[in-house]
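Input: structures, listed below.
Presented sequentially are two complexes of chain A, the first with chain B as partner and the second with chain C.
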Partner chain A sequence: MSETIKQFLYLNRKAPYGTIYAWESLEVVLIGAAFDQDVSLAFMDDGVYQLTKGQDTAGVGMKNFSATYAALGDYEVKKIYVEKESLAERGLSLDDLQHLVWEDEDDDWAEKDSIKLVSREEMTAVMDGADVVFSF
Partner chain B sequence: MKFAIQINEGPYQHQASDSAYFFTKAALEKGHEVFRVFFYHDGVNNASRLTTPPQDDRNVVARWAELAEQHDLDMVVCVAAAQRRGMVDEGEMQRNGKDATNIDPRFRISGLGQLVEAAIQSDRLVVFGD
Partner chain C sequence: MPIEVNGKSFDTDEEGYLANINDWEPGVAEVMAKEDDLDLTDEHWDIINYLREYYEEYQIAPAVRVLTKAVGKKFGKDKGNSKYLYGLFPYGPAKQACRYAGLPKPTGCV
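After this line comes the complex of A and B, so read on.
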């Protein structure tokens, strides 16, 4: 669709259901996939709650969109950075998050982990490396 | 420099739209190009022509419309976000069987692809929001 390839970073900082930012951010990621850019997602602060497994929204009467994250691999989203400090500050670990994978067509469609835990310092490098930061 | 502007918050409740307006105006007056202003999340409410602020306050919507008029600015309201929040133009009214429109004619409703395209085409995407 476009000849320019940019490093896109979608930065997610907010919890999934208190506001609509998380869901509407995901909508940009899904639409943006059609533009064949080099996409990364980053989760920090309360944004790490977006990836937790076992979400149940029945009590708040909202649509549970957490299954959408598992489909990101099909949208060529292979790099998902989660900040270690944000997890630790909330008593969370990698085990509390969904296991997100993408299939590597150059490696007999082997499933590979999408989530990479990074320190706060490493996250600054991730942001620095992006051409475009969509901040939600 | 070529800028794309994204506004994530509605008028009056947040300063985001005011800040974005002053930034956009200053950029244009300095001779920069603004490829597109994209209104997302509650930011779509900046496009309501029915907004009626008190007379001694700024009119956020009219101010955007005037700036767009002066500089032929492309102001796009996200369709998915607009539908959720009841922002309606003629096309949306027909498509969804609504009985009214409320969008200022200087704004247009379109898809999220317009935001992604703006980010690709511009040197900088500047996001105003929480």
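After this line comes the complex of A and C, so read on.
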């Protein structure tokens, strides 16, 4: 394994179903995280719908993979940035999203929040800070 | 190639993973283990059942690293290492145990 740990940012901008982008992104994230990379996720535009609670895919005939986002904590993915403006433009708030957490092994497995709401301006800084940005 | 369990036939993919996770019953694991010359103990079943619970909750099979950590937390620190898991499942906990559990091949497992 390479000794250089790069910061990977996975940018999610599309609705969860209708295209394969959201699921493909999540699979790549899980694979990348299994290789000890520094992984963060960002959700903006229609991508914020990927994290919403209570998804039901019975009508569209696609697998409901929304439960898998809750596994991200197990994969040491602790930084999930959600753009405030994208939520507001769609009439959504943090309460409409799944409560995603990671467990801190060094703090008696305390659950800590993974989702961080950021403004559009802060999001550009998040992107600037990443070594590699994958856009889905 | 389908496998025969208690007179019933179960479809599998080309790598021997169960085609339909909902078809699974404990006999499937027994038959698969027998083909590998492995006797399933309670310790094997702990892992198999845990994998099924994990899939039920998250809709994916966990990566080995994730499984190892979770096993250590749930069944004791002495078991949360790959030596213990490979001792139980010599072909690899993810590939062999997931197959016995009727799960698809873990994401990222080549």
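By our rule, the second predicted complex is superposed on the first by the 136 of 136 C-alpha atoms of A that agree within 3 Å, B and C clash if a C-alpha of one lies under 4 Å from a C-alpha of the other, contacts with A are read in each partner's own complex, and residues count from 1 in each chain.
As a convention for this text, a residue touches a chain if its C-beta (ideal position, glycine included) is under 8 Å from a C-beta of that chain, and two chains touch if they have at least 3 such contacts.
All of these numbers come straight from a predicted model, not from anything done at the bench.
Trainee: Touching A:135 in the superposition: chain B (first), chain C (second), both, neither?
Mentor: A:135: touches chain B, not chain C.
Trainee: According to the stated criteria, A:23 is in contact with first (chain B), second (chain C), both, or neither; which is it?
Mentor: In the superposed model, A:23 contacts neither chain B nor chain C.
Trainee: With both complexes overlaid on chain A, does A:109 touch chain B (first), chain C (second), both or neither?
Mentor: Only chain C is touched by A:109; chain B is not.
Trainee: Could you look at A:70 and tell me whether it touches chain B, chain C, both or neither (first, second, both, neither)?
Mentor: Only chain C is touched by A:70; chain B is not.
Trainee: Would you tell me the residues on chain A in contact with chain B in one complex that are also in contact with chain C in the other?
Mentor: Overlap of chain B and chain C footprints on chain A: residues 27, 31, 34.
Trainee: Report the residues of chain C in contact with chain A in the complex, numbered from low to high.
Mentor: On the chain C side, the touching residues are 57-60, 62-66, 69-70, 73, 107-108.
Trainee: So in the complex, the part of chain A that touches chain C is made up of which residues?
Mentor: Its residues touching chain C are 27, 30-31, 33-34, 63-65, 67-68, 70-71, 74-75, 109.
Trainee: Looking at the complex, which residues from chain A come into contact with chain B?
Mentor: Going by the criterion above, the answer is residues 2, 4, 6, 8, 20-21, 24, 27-28, 31-32, 34-35, 37, 132-136.
Trainee: In the complex formed with chain A, which residues of chain B make contact?
Mentor: Going through chain B, the ones touching chain A are 6, 8, 40-41, 80-81, 84, 111-113, 115-117, 119-121, 125, 127, 129-130.
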